[in-house]
Amino acid sequence: MPLKLLNNVIFQSIFLMSLLIVVGIFIPNWLVFVITKAIAYGLVGLGIITLMRGGLVSFGQGFVFGIGGYTAGLLGTQAGLTDAMLLLFISFLFTGFIGLIIAPLLARYRDIFFAMLSLAFSMVLYGILIKIDAIGGSDGFVLPESTYFGISPSPEYADYILYVVSILMTGVVSILLRYYYNSTPGLIALAVRENELRVEYLGSSAFNVTVLNFTIAAGLGGMGGALNGIALGHIDPEFTYWTTSGEFVFISILAGYLSVPAVFLAALFLELVRSFSGRYFPDTWQLILGVFLILSIIFIPSGIGSFFKQFFDKFKNK
Amino acid sequence: MKFFRHCLILVSSMLVSLIGFIGVTSADDHKGFKIGVVTFLSGPAAEPFGVPAWNGGKLLIKLLNEGKVPAPYNKKGFGGMEITAIPIDEAGGATKQVQEFRNLVQRDKVDAVLGYVSSGDCMAIPSVADELQALTVLYDCGTPRVFEDASYKYVFRTAAHAAMDNIAIAKYLIEKGHDISSIAGINQNYAWGKDSWKDFSVSIKKLSPNSEIKNELFPKIFSGQYGTEISALMNSKAKVVHSSLWGGDLQSFILQAKPRGLFKRTQVVFSAGDHVMPGLGKQYPEGVILGARGQYGMMAPDTPLNNWFYKAYMDEYGVFPAQPPYRMVQGLMGLKMAIEKAMDKNGGKKPNKDEIAEAFTGLEFEAPGGLVQMKLGNGHQAIQPHAIGKTAKDKDGNIIVTDIVRYKASCVNPPNGINAVDWINAGFPGADC
Amino acid sequence: MSKNINLLKAEGINKCFGAVVAAKDINMTIQKGERVSLIGSNGAGKTTFMNMVTGYLKPDSGNIYLKNENITFLNPRTITQKGISRSFQIPQIFEPMSTWENILIALGTSQKNHSYFKNARSKENADYINEILSRFSLHEFAHRQVSELPGGVRKLLDIAMALVRKPDILLLDEPTSGVGAEEKYPLMDNIAKALSVENLTVIFVEHDMDIVQNYSERVIAFYQGEIIADGKCDKVLKDENVQEFVTGKTPKRAK
Amino acid sequence: MIDEILTIILDGAIYASWLFIVALGLTFVFGVLKILNIAHGGIYALGAYSTATLVPIFYSLGMPDQLVILTMLVSALAVAIVITPIMERGILRRFYGQDEVLIVLVTYAIYLVLEDVQKLIWGMNSLYVYEPRELLGALQFGSLYYVGYDLALIGLAIFCGLLLWLFLNKTKSGKIVLAVIHNPEISGCMGVNINKVYLAAFFVGAFLAALAGSFTAPLISVQVGISVAVVIESFAVVIIGGLGSIPGAVIGALIIGMARAACVHKLPEAEIFIMYFCMAGMLIFRPKGLFQGTQARKI
């Protein structure tokens, strides 16, 4: 019976979430912040692995990342809405809605074409954003400080509170996604990845699956963008640049599509490598990051998630 | 294979945690004065701005720590405290910089951050700086908006904003009797380029209402290909072509425009044109009117402090200092003065950030480029004198700057409380020339 | 003629690929419960016909009706939903998954009103999958990855997946191709056993005339896109044209 | 008026030629290897650096001026010879047959590495090689001067495109490459050494990238960061033209080049936007580009 409890997704998630929240009290502020950022990136990565389960990789998640960030930012500066949770939620919904609109355009394409078209969409958005001076053009703009249920926390605790909020919201999202992955439509998505033709001949629509997955990915990307913007207090068109999108793809490939927590671990890993190589090798951090990317793709081709799965499978078998 | 992979992951995660550990522990060392220096070390802005600036900064920090800088900067380090600097690459956009800034403040526990060339970064950093209560010196960026749109407690800018560059050029053109009946501009399509063009074209319109504006070109930043733009500028037959291009873009523009006769046919003005002179050497066109964003490099004043710095830099790097090292040195000197002023007041202890911020506000100090006064933005934004000149060839064929006109700081900078754009639009009220 | 008796009806189907005629004025009706085999040499148009019935290809002209409803221009998915399932010459199964999971997906696709938060591996699904597995004698392979399974089992799984939906018509594309000679009969027995449970209409493309003879009542012979014979199994197989162009049993060349 | 139209066409053609040379290698490598090589921009930069290094040496040896073009070709060749075995044999080969997007990511990583490699080899200072640009003098069109070298780029672009097209369609080796493009597995079964073809194709792509850099070097100041813009613009060209299509690259480059020139002259505000605008339009109306057919899958 306790074993069964340990295998329960909700139980695992709550355990992990509480652990992180408690740990957050003891770790230094900068690490809290890095983890918050990793969560933001991880959310986008989670969107990509949702797509990956359906056999697609988007090389343009900067598109939704940017939309999410700008949604939160514009609501903050123009409409005076500063409640972080509300902003995250609205960005999630709005970006998901945008995703739903463009998904049918993209869902007809596969493989590299899907990747390139999504990249092209993000480039178009980049072109638009740097052109609009009213929202800061290429400089972007500063977000107002966020509040929680109408209370604005003092600066010392702001990072930690956002950290907790992001863990809670991400936890909920992760649980829901796990349920989706395990549900019948979630399994059909996996089937689309393997053999789209057969799925059609079994009477299900690969197109619909892709649209749904893309919409979810868009929503998650938007939420990640909003979280990133809120955490940093600043938004600029770099959110939608192709190099940003490249990092998201890297996170999801490093994580693999088998495990949800692996995505966040991969994101944290990338954040730390980037941050430390930038700190200790300011001249050659790109080299280090590049070599790190190549090595991890060579040595962990199916992602960190595959270790998780092996580990849990062993655990279950015992 | 699988075993190997596991090992790899284990080793790399250990490595990361180890570096993290070093990062955390080294942060506790607090005897000297630790600053983070953020400037471009990669990307297109590194060669023209970041690297020469950091060269100047490195040199000054070394000499300060050795106590070899002439008075009033002859105290070792910052008020006797040894300076340690952590260089950080500014490339990657404002959002990345906010994170790097937090890392510097929270992880490395620096006492102050000196940095930022890009206006986008300067717009993004101050609010975080105030939130984290971290002393921050913006040393280079140009946008006037930083202290016009908001006010900050711990943020200072030790260099004048960009409005002065273009106001001074407009004044120079008129004083020297150039034909400004029609003007055209080529500026990069982002805040810097657009603001520069606006400041310049409005200034010209104010000083000479009959001038006609021809082309207003805004090519993409880092595009590197200007053939079409050059054709358009030459087709327009404007008498004056203004540009605030910088770095590789400016170099490429010059290289592409020169053989096509643009500089012969048209009076070209570069609002920040000096910093590519060391690189281009004899390829730099003659007859160009240029500013250096201050009295820097070839337009620096003949003062002992400047002569000392010019020579020290020349000896170290074999090339004369253009604006970037001047501006970074100016930032370091301002910080040093503020710290030492605060120490005078608190009895020689290492001052805390509030004491330094208080001392910094309204500070006046002598830098190689002339007297810097923290007059705008309620004592947080510097003004400084400016100089405009014209390139010519000396007898050996080297490019030099002649016909230099110097402007008082109060002549080309708005008074406290008035936005630069409003001041220009109002026709420079209260300018003291 | 009442409804539901003419289950599938093709009228004047034509299809060309460039200069190759793949279907030429094909007319056929198939009654409920029939077991029909399509025979013909390679390129005779059997698979093209199958592909047109299932919507993968569209005929240049002509119409196909399922239960008097025109399905000519529907896509494969909709046609499948309307009651025509198919298997494939090369089994189209989900390689990295287990047999059990393959059936689970087939089951999932056949269900309406999916819940996005209900675990697909539920008790009632498991029961149904186990029933299918035992019907096809696939039990011992339930938790093996299908890419490792022998050819016959893969074929069987492919067919089992097509059947999960409980279609009106099942199209089998060369169920015994790529299967060793000694496996063929056990495989067909298994299929027949599984199919006998429901009163299914089955159309299959087959090259092996012994199998055709043993497992079908009606035979339709194709040659160069045309139907050259249609009728009871014995009669068609004895037809001269069929023997010359399809089965090749009489090496008579003269016309 | 006629003058202005002529100027626009000339400016557009010069820019389009540059775009085409850059995009040609990218689209060719994609056609054969199915790799979208982000590091293409890095190789371009290496070509520029290599020219900026070798040409001064060439002049210091006191060789006749006309041979400088040869030096530029050699420097591009040198880059391709060095980079191809490292990238194709050393890294990319490990990933053949895997997800195409994974390979894009690998090339992105290589791009990052190349950025810093430039810095480590050549340092931070700008390099200049303006001398070759003075070789062909200037020509007058209406009231404007054009530099002969810039106009010669149009010839170079046509030459490169034509040569590659003739090679593919008129020679036996070219036909083999086409066969591999069409179906690598079957070509392999027929006895074609796929690995060799991939290596050769990558070499050609790398050479074209380096060549573009090499011939752009006299126009610009060669320094860190010149590759970023190249990546995006060449992508835009191949997306408009269709991935893997040489005629597509021609049309894509011409569309962007001409549209941009027209904008700079007539509607400067729209210039920055025009490339994205062309791309967006193409995405909406012909998402696979102008020259990209759809392929049906065999079942």
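Which chain is which? They are A, B, C and D, in the order written, and residues in each are numbered from 1.
We take it that a contact is a pair of C-beta atoms (placed from the backbone, for glycine too) under 8 Å apart; a residue touches a chain by one contact, two chains touch by 3 or more.
None of the values given here were measured: they were computed from a predicted structure.
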| How many hops, at fewest, get you from chain B to chain C via touching chains? | 2
| Chain pair, A-C or B-D, that carries the greater number of C-beta contacts | B-D
| note | Using only protein Cα atoms, the chain sitting most centrally is A
| request: Find the chain most remote from chain B, comparing centres computed as mean CA coordinates. | output: C
| query | Which integer distance in Å separates the CA centroid of chain C from that of chain D? | reply | 51
| message | Rounded to a whole Å, what is the gap between the Cα centroids of chain A and chain C? | response | 44
| said: Using Cα averages as centroids, what's the distance between chain B and chain D in whole Å? | reply: 35
| query | How big is the gap, in whole Å, between where the Cα atoms of chain A centre and where those of chain D centre? | reply | 34
| So which bits of chain C are touching at least two other chains? | 88, 92
| request: Any chance you could list the residues of chain D touching two or more other chains? | output: 115-116, 119, 272, 299
| field | chain A, residues touching no fewer than two other chains | value | 130-131, 197, 283, 285-286
| message | Using the touch definition from the top, list the residues of chain D that touch chain A in their complex. | response | 34, 36, 38, 91, 94-95, 98-102, 104-106, 108-113, 115-117, 119-120, 231-232, 235-236, 239, 243, 272-273, 275-277, 279-280, 283-284, 287-288, 297, 299
| Contact set on chain B toward chain D in their complex | 42-48, 51, 189, 215-220, 222-225, 227-229, 231-232, 234-235, 247-248, 251-252, 255-256, 259-261, 276, 279-280, 283
| chain A to chain B touching residues, read off their complex | 28-31, 33-34, 37, 130-131, 133, 136-142, 145, 155, 158, 228-229, 232-236, 238-239, 241, 269, 272-273, 275-276, 278-280, 282-283, 285-286, 292, 295, 299-300, 304, 307
| remark: Within their complex, chain B touches chain A through residues 4-6, 8-9, 12-13, 16, 19-20, 23-24, 41-42, 86-89, 92-96, 98-100, 102-103, 106-108, 119-120, 123-124, 127-128, 131-133, 143, 189-191, 194, 221
| Tell me, which parts of chain A touch chain C in their complex? | 176, 179-180, 182-188, 190-191, 194-195, 197-205
